[in-house]
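Next up, some structures in structure tokens.
One chain, chain A, appears in both complexes that follow, with chain B as partner in the first and chain C in the second.
Right, the complex of A and B next:
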């Protein structure tokens, strides 16, 4: 019997007002993260992957979540009081973002920022917090922590800044760390170091990790399960090895094929997906991928396929699976965007 | 020369024929109040006609500075740059402007490099006006032809760049670069900001244009897989120097320089058909030093797992170790090759 999930996102809709009327950036997204597990949400620009993570942290303002539920250990976060959300973000949930420089305050030393974070979570003498800050910096592999604790953010490299962000996230011993493109701005040799650090921290602290990324290679390296998003929709999910080796959704397959690898033949064109990624406002009717899909059927432009459960834990949104069990509510229900 | 003839050219032919572009011993230092940044330190390159030379490296490696030096958008502190046999550094203003028609650049951020208040017609047609190549209806015709060449439509003529997706905007950037009918295009991280599904389209477009128009590319990117796919010869840069160069496939399969080895093994392995176990890359140690205070001797020695006493004092020169392969590392100095391998 699997343990109940730590985080359960159910049929989440996030809507933004635009001059042309409200647009669903995220439409009917559901997934779970269990304790200690790594789940990757992967997608290209406009897929809604980052919006989903901000929404479940309560960072978008409640007005934008138009439907759905986010349960953290059975506690409903959608509609929760801002004070409660802030409390959870300092205890159960922590996050790191793509650009550490914009998350750190340039006017304070990293020691000050760690001490502030430590003392915000629990009462602690300044001196003890200072000692703990040095310890945390050592734990995240910052060289020469006794000296660096007095450094300002700009005196550190991008990789070192991201290490500091991980240290700040660890101050509250979170059950779930949300990492939104944590290595996208970093060089590849530094990326490898930060991912290794995240794995170590996860193992030693028993955290669950929700990794938001555009990079399939990072998914392959880090995640237990993957949720593939396209234009605000979950199009496929399942165990990473299975989804990468035998993707069932035409979008996932095409996306994987278009990644250059050392084995890509140089004398042939790359397999590419025609057209471009639609913005949420211009998402087409029917299946949102159908104008670019190599396996498109007549019905794909008429109605959006449901998410089919191919077997427990493995789902794909495509009419090719018609006849399989549906994994969730038909997308027409609550689908404001296309009805309007 | 026909594209086929170019494609069948052997690596030897690449080095014997007079190259379209050649840089020798380029050095560029930037002075600030307190320090001198050695952005580029003795880089030499040859780009044969119709071929692609790739530059790969991490931030601070100096690859974008090389791009700017190549087009003489920056003047080098020392060194030589020749384009089609002409010394660029001695070219007069007027001569330089004439040569610039034949050398163009495509940048990383297509929307950032296009004027948001210009319509496509003017963005793509501007170089035609600057170089007095075409005006009026001839200019419109030429822009339509360029748009169609890069996969856009004549209906896009009067749109603004913000009305396009990133991939389409990069096509506009490429059309603009093609406007003056150049021989050399420098692609500086030209696909790095694009979504994966769109990146492949733009790579295909660049390759198709190369075979149709006989273009030469200096292709700069931080993504080793992308550079390998595009380039006939790959140069690996570290802290302002080329540490290794060779054919992309052999460079990948058999990296010689310890930095290339680190870089190659740090690239996440993405081989879905083999994704039954967890893909794991080795974790490199350390971070590059700052170009304003590079270490003495070999610039890589503080991070090098194979560093020797000598590496701390003496900078290794780039020397040929095999067919089309050169490495700057003391491990490969004469007589040492056997013990290093």
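Right, the complex of A and C next:
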């Protein structure tokens, strides 16, 4: 194996208090991101992608990490002091969000918001920060940056606002950029531009990119490896080309089948899999996908399959892989099983 | 921006005219007039009384009186008191400073305390502190300001054997005496506003603290103090500003009773006595003052909105 991963997430559980008692929105998620690599996290709405990524930054709000570990360059972030997490946010870990239109403070200029990010982590004269802000805006391809630095968010289009978000994320040269559905709120041509921008920035700054999306087409275009999530669990992971060519998990296959072909009408963004992701509170017994699964077996409603490691770097959570297993008691969910 | 301000100013003038005319007419519809009240039990003949009415112009139809009054008003002559014949303008200007001090201080104290309490409650949401502050706010919101004043007076008298001086002193002459006399009235008048501001600050800060843009600020690694006091507070100010306009009306209404209770020689006392005496010119002048103060504040608040929110500045309406 090459150098140890930049980020290592191990068996992460995120719990939210709800009126009906605590629920686990993320239940036993593990993945790694190496320096400079692009990892896509894919899954339908409600599968826990945002919650997982916010957990990495310590920005869960009412929720908390109830178990697991997050290692950034071997430093444990779970249970780290809030001040330490604050230092890492923006400097080592940056994040951009789904809705650029509401992600910038409406009362401050673009320049002020960039300057604030620049000065949050290192002492910097206001004027120097201002000049750097203009430079960053130019770098992310915002036209007329000298003027735009004085603009307010409402004076920019959604795509321009997302460019500003990228500029903010780049201020301190983070090691990892998390992009949570950065193009979902934008139209198709702008989406392509923003993805291209992310790719360029990643190459030029040598960052790792954790790209969250529910669009398999974006995964195919952008990522080296993919982590497929469903209802708070990882159901499949592996190198993108391989997973797309021969998905091993029925959920992944369904997602791939839902990539729009040129024949699919444009106004229908994604021919959905019938049904929807259960909320954490109503997750079914057994495999969480079984009520919607085309290949469902009897045992799928009884016990949850483990994540079978099909070979190093390739895993899938499905009873279909059980054929290769020795007879014995059903392994506990969440446990990783090696298939010879 | 200038057009916006002028338009507001125009509305303000229209509102003031309407209020003035309304009060002018209503006062004259209330049974009893200055003459009958003054001559009550004096055994003066009806003829003499009518002569006095004629002198004041009270025997003319209302619209004639209104016309004559307006004709004077545009020249800056608001008439003379029916009682001591002093020009209303003089009578009134002597009283304005006290009411302005009282109202302004009450608004300032109420807003400052309200913001502080609201911020603390918002950042300690769900804690004991939060609950205690909320109970405290509801209590002040539901108790009228004169009751607060009475309770404070009683408490200070009982526990500290202290009561405010009875004779008003100008702050320039005797600052300590002035401060002692103003303290309870200002606080009593400010509490209602404080409670309302605290509640609104808390709820709008909670809303903004959960918003996307605050998440971005946090993701930048900005200190929590800055997140709360710079971004969240500023975004909550817009809602609070709206409330301050309404608050001013309550405070100005409150000055009437509070000035009487504490013997403060302000316009509140003046209007109170003038209404009892049916001293029409004084009542109308005071009304214009209150309406004017209100209109000016509303315009100031509108300007503040624009100062805080660039979307208003550039003419884009808030969603």
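To be clear about the criterion, the second predicted complex is superposed on the first by the 304 of 340 C-alpha atoms of A that agree within 3 Å, B and C clash if a C-alpha of one lies under 4 Å from a C-alpha of the other, contacts with A are read in each partner's own complex, and residues count from 1 in each chain.
Following the convention adopted for this analysis, a residue touches a chain if its C-beta (ideal position, glycine included) is under 8 Å from a C-beta of that chain, and two chains touch if they have at least 3 such contacts.
Since the structure is predicted, the reported quantities are computational estimates derived from the model, not experimental observations.
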Which superposed partner A:106 touches (first chain B, second chain C, both, neither): second
Comparison of chain B and chain C by chain A residues contacted: B
Chain B versus chain C as contact partner of A:259, first or second or both or neither: first
Which superposed partner A:159 touches (first chain B, second chain C, both, neither): first
First, second, both or neither for A:312, with chain B first and chain C second: neither
First, second, both or neither for A:94, with chain B first and chain C second: second
Footprint of chain A on chain B - complex, ascending: 7, 58-59, 165-168, 195-201, 203-204, 207-208, 222-226, 228-229, 248-249, 252-253, 262-263, 266-273, 275-276, 278-284, 287-288
Contacting residues of chain A [partner chain C, same complex]: 57, 59, 61, 82, 86-91, 94-95, 97, 99, 102-109, 113, 116-117, 120-121, 152, 154-155, 165, 168, 171-172
Chain A-touching residues of chain C, taken from the complex the two chains share: 210-224, 226, 231, 234-235, 308-311, 314, 316
Chain B contact footprint on chain A (complex, rising order): 44-45, 157-160, 187-193, 196, 214-218, 220-221, 240-241, 244-245, 247, 254-256, 258-264, 266-267, 269-274, 276-277, 292
